[in-house]
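In the part that follows, the structures are each spelled out as structure tokens.
Here chain A shows up in two complexes: once beside chain B, once beside chain C.
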Partner chain A sequence: MRSIFKTGAAALAATTMLAGAAHADAHAALSGTLRIVSDMSNPGPRATMEMLAAEFDEMHPDLEVDLTIVDREAWKTQIRNVLSADPPDVVNWYAANRMGPYVNAGLFMDITDWWDAGDYAGLESVRGALTQDGRQWGVPYTYYQWGVYYREDIFNELGLSEPATWEEELANCQVIVDSGRACYTIGTRFLWTAGGWFDYLNMRTNGFDFHMELARGEVPWTDDRVRQTFANWRQLIDMGGFIADHQNYSWQEALPFMINGEATAYLMGNFAVDQLRNGGLTDDQLDFYQFPIITEGLPQGEDAPTDTFHVASGAQNVEAARAFLAYVTSPEVQTRINGPDNLGQLPVNANSSVADDEFLQQGFAMLSQNAQGGIAQFFDRDWPAEMASIGMEGLQEFMVFPDNLDDILERLEAARQRIY
Partner chain B sequence: MFPTPIEKRSRAARITYQSLLPLALILWLLPLIAVMVFSIRPFSDFTQGNYWGVPSSFEFFTNYGMVFFESDMPRYLLNSVFITVPTVIGAVALSCMTGFALGIYRFRGNLLIFFMFIAGNFVPFQILMVPVRDLTVDMGLYDTKLGLILFHVAFQTGFCTLFMRNFIRALPYELIEAARVEGVAEWRIFWFVVLPLMRPAIAALSVLIFTFIWNDYFWAIVLTQGPDAQPVTAGITSFNSQFVAQYHLMSAGSIVAAIPPVAIFFLMQRHFIAGLTLGAVK
Partner chain C sequence: MSSSTTPALPMHEIRAEATWLQRNKMIVTPLLFLLPGMLFFAVYVIFPIFQSFGISLYRWDGLGEATYIGLANYEELLTDRNFEISLVNNVKWLVLYLLAIPLGLFIALFLNQTVVGIRLYKSLFFFPFVLSQVVVGLVFSWFYLPREGLLNTIIMGLGFDSLNILGDPTLATYGIIAAGLWPQTAYCMILYLTGLNAVDPEQVEAGRLDGAKGWKMLWYVILPQLKPATFIAFVVTIIGALRSFDLISIMTNGGPFGSTRVLSFYMFERALSEFGFRMGYGSAIAVVLFLIMLVFIGYFLWQMWRDERDARRG
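The block that comes next holds the complex of A and B.
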């Protein structure tokens, strides 16, 4: 691992000079070892993380940065073990409720003082997502928008335009179904994709605040407003809006339907764009729109999952961890790591600039101007883990057997009363 | 009593047999064939849904190049070697000695000790997960190769002892008595009389344990974390990334990971089969 840094560091030295100078002055005294465990295991993000570690290592001559990258999925089961057995200094995780178990177990360090001291200028808007019990437990480093990615060429062929309301959406979908296609591709084998649909339908039907009340367990699942959400969903299901047998596909395996033109759109996070391009679609064939409005007058809420850095409560080198967090969230680093050559997502710092990419630009505009309702983190991050997994099973079941709705809602309600 | 050899059956039966056999073989090997074909596909084949068709381009060198030069795979492979080889040596050496003691000497509690070795095999190892993990953490062996090796040696010795003890029991006891009459020291009897006779058992057991340990996944993910200590079976999952599974690299990685045990199997096939039946008839 270290050899990578040394070779990489030489190449990066030139680029870090400018960025590093300011920080290096302030934290020149850092020494020892900074141990980071990251779950950025994709080739792209992995390179980004290695670059960050190498640069930080270069900036502080007396400091050794020891980076371990763990498979993203494996990390979800390992994090508790790692934090309690042999805590590193800095780890990756997720914002909002997903922090809960580790905050409650005292495994994340309370870094409210660092926020108050102004370490993270430009991050005020995302502070809420890192707050629990009125304290802050980490910093974000990237996020991305969700929305409807669709085949612009098929829309043009059928004479359709981006729907803004639910009526337009249903009318569009009818035309698409009549042309022998499905409106939406989806793969619900791993359940979370159905969570995305529920998030949007519920936020549009009942509003962001209601959605969060439901997430906090303050509203019963059998509430009529929840039923209304499912009724809207059912309209799409009954007209054949979704591809058949979606419970057998992962989100990735559902991509070919859109690429081959058997389905025209995908409600998904921005990470889908890479895969759609990879599958051979050009930017002329692809476009993006915000999920249509269902109930007039409700401010729109959006899903924009945020990934984070945290300091372990058992960290050995707290000063270096603090400097690293400040470094990662600084405007210049934010612009660079979220740029097209690296993560290809949205920077969390308001003073950063967004990459010149059709979809990122649209997403950034949407989130900054058209999401007054609020920013949600996603079903499996906003709901407590146990409720989320039972909930998503119910959502998938509903998509396959809509008639079971009463059963499902009663089951979810029983789970809610037990869990909260 | 014995099935009639196929050459002696009717012509029709032979033709059916000969035509069904390749079919059954292909069906049986289909998952393996799929993995092999996956490993030479470009990634775009997966996003386009081309799972079973002809690969749109031949990416053997790109994919395997990625596995060998741009991932931690070589590191993981090396870890596997460093974990498997000491485990095999440790477990076989220990069990030769325990097997000798339990097989040759008659002492009070012999059978009880032997049963305890065997009983260890009947404990489903999943229930040991939490205590073993806590133990390794307390001993400072968590996320080290040594921790994994020690555990494997401890756990495999039970099975190996059963195997060795039964093998030694089957040896003619007169040999040992003869040596004792000659006044040979007990450890020399073990070293010069019994050990040479145990060679086939040692070879068979080594091959068996090698494949067991090489293919272990459970303890690899319980006791180790990253490329510093994790063996290849757990390392393959590092091709799973945040949003997408890189099936082409995972397939290539799996094949690379499967080569050593397969090679060992073919090189030592004779011993392997001997190992499976050894001790079965006593």
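The block that comes next holds the complex of A and C.
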């Protein structure tokens, strides 16, 4: 613990040096209380957050860090009240459009100056996700790739290889279905998992730029290109590619289908790996591939949701909050908190190193080399909140009753015209 | 006070000197006792009702500035299909939930006998009402599970196709109502059991002498005496049906694709949930729900007022 703490302090000192000497003085004299409300409530992330708070507390003798951890799902509805009633100094949230309501309401502090001052060296590539109206409203602390996690052993048994194109994908799936399995497990009870499928199918069918135009409400949902996305999706649905009754399951409840071998793959974020391993799958049985190409020649876009820290505009201890954000995003801390013992995800700082993990390495390589189209956040973060909730409901309905497509698209289009 | 310092004064003069407070204490004392309750009721119930009416005329995300938009939220409700689904579901709940009353009566009549261990049977029947709605919801959603659930094991054992009740938009609401009926029936049962204790044995005896038995005895002798219990059972069941929120949230979360929403759940989704930023629209839904409730509340109050008036006359 002590040695970790020392290296942590050293790394912080290094970044503050970079940030400017004038600023370093302020760090030494931090005092009072730093109030943090975090949504990192799952066991692993919780330990990481508690470690961060404890270390930061130790580094600043006169400063007391007061950490409150709120259940991750509950936080999504509580953040409004917390920010407007009794704002803490630092809170967790999500990047991109998800920030919108709080930025517009003036509840997140504009920290563009801190970005400009060089507090966050190595984070240039992710600055865009924290930008709204040309200003920055927070810092990222972790992100993760999405993609297809599959049962390598079943693929080997059936003589399949990772598909690179849609034709190969469909051919693979036919073999899997013929063997009495489903190609994909999915649990759409809480809707967002269907959003992941739409993201990928639409980015691969029509490209990242079109996907973002749709997210910004610039293209009607009844557009033929959108219909093409759904037509591709329907090919998989009609051949029995997805498990039955997925509308009953949460994403965790859909995991056993893959663990038991009733389904061979899962389009998911990297956080699923931990659960699959806990479920008894070894790394020999599990592997990962990038979502296959559908339209030739389109640069691939990828989903890589980013989780963030923000300073409340009502923060009492702004100096300490600033130091904490710099600390969390520094290369050494980034390497450590995203390592396999902690979050097991990708560090946001370019100067950090990615953990020696099969999936993180593949994901990192994919995002840095093979995502020229662009990086999207996720359906429920790129679309405005209301459109996202109506949209995902439609996507779930489509997966169960593909014949309702016209009705669904007209409903989404009506919502688009009202919301934007 | 004057009475203690001037004890020599005659009685009637003391009375004349009594303060306003002393003279009116028969009115003031109950008012003082009522005051805290009335204050809380006004602040937490009456005031929010009017506030909801107010907010429903605005477009407001709950954070920033509110814009006055008149009745636009209500106009949107008229064309909102999800609102229509929620309203229809509310009606289904209201009608089917009332089944709890005859079911409860039947079980109560069945249990209203003296055999060994009847207390144990009564408490077993009452048991579901003690359970939290969340537990009831979870138990039923496992019961309904499409492959592993007990229900499907039974119907597949009988040679029928498996049913995915909570995943089928046409069946899901009925599945949830059935789950809700379980504790609600127990509640009505306990109301009727207490009611049955108060049934006058002399009247039963007299009925029997006149040759009444079976259904006639139940209909003409027992049920009229159970009227107070029936009224309370009706009240709690209607209220229970209108506030059906937790079961829906636990069992289907409003899905599949919004087919099991009721007004209260839809209001929560639009105004307060993860993606809900429409306080005005949510308030408009709440106002509609309130108006529906008002019909019943009005009836209940009128009924109670009438009963009390009759009681005073009698």
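Just so it is clear, the second predicted complex is superposed on the first by the 394 of 420 C-alpha atoms of A that agree within 3 Å, B and C clash if a C-alpha of one lies under 4 Å from a C-alpha of the other, contacts with A are read in each partner's own complex, and residues count from 1 in each chain.
The criterion applied here is as follows: a residue touches a chain if its C-beta (ideal position, glycine included) is under 8 Å from a C-beta of that chain, and two chains touch if they have at least 3 such contacts.
For clarity, every value in this text was computed on a predicted model and none was experimentally measured.
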{"item": "Which superposed partner A:Lys76 touches (first chain B, second chain C, both, neither)", "value": "second"}
{"item": "Partner chain(s) touched by A:Asn248 [first = chain B, second = chain C, both, neither]", "value": "second"}
{"item": "First (chain B), second (chain C), both or neither touched by A:Gly180", "value": "neither"}
{"item": "First (chain B), second (chain C), both or neither touched by A:Ala385", "value": "second"}
{"item": "Partner chain in contact with A:Gly159 - chain B first, chain C second, else both or neither", "value": "neither"}
{"item": "Which of chain B and chain C A:Gly297 touches, first, second, both or neither", "value": "neither"}
{"item": "Residues of chain A contacting chain B in one complex and chain C in the other", "value": "73"}
{"item": "Residue numbers on chain B that touch chain A, as the complex places them", "value": "43-44, 46-50, 70, 133, 137, 142-143, 221, 225-228, 234, 237-238, 240-245"}
{"item": "Complex contacts: residues of chain C adjacent to chain A", "value": "61-64, 76, 81, 145-147, 164, 166-167, 252-253, 255-258, 269, 272-278"}
{"item": "For the chain A and chain C complex, residues of the former touching the latter", "value": "73, 76-77, 80, 84, 101-102, 104-107, 189-191, 244-245, 247-248, 380, 385-386, 388-389, 393-394, 396-397, 400, 411, 418"}
{"item": "Contact footprint of chain B on chain A as seen in their complex", "value": "1, 37, 39-43, 45, 68-74, 78, 81-82, 85-86, 250, 252-253, 255-257, 259-260, 269, 271, 275-276, 278-280"}
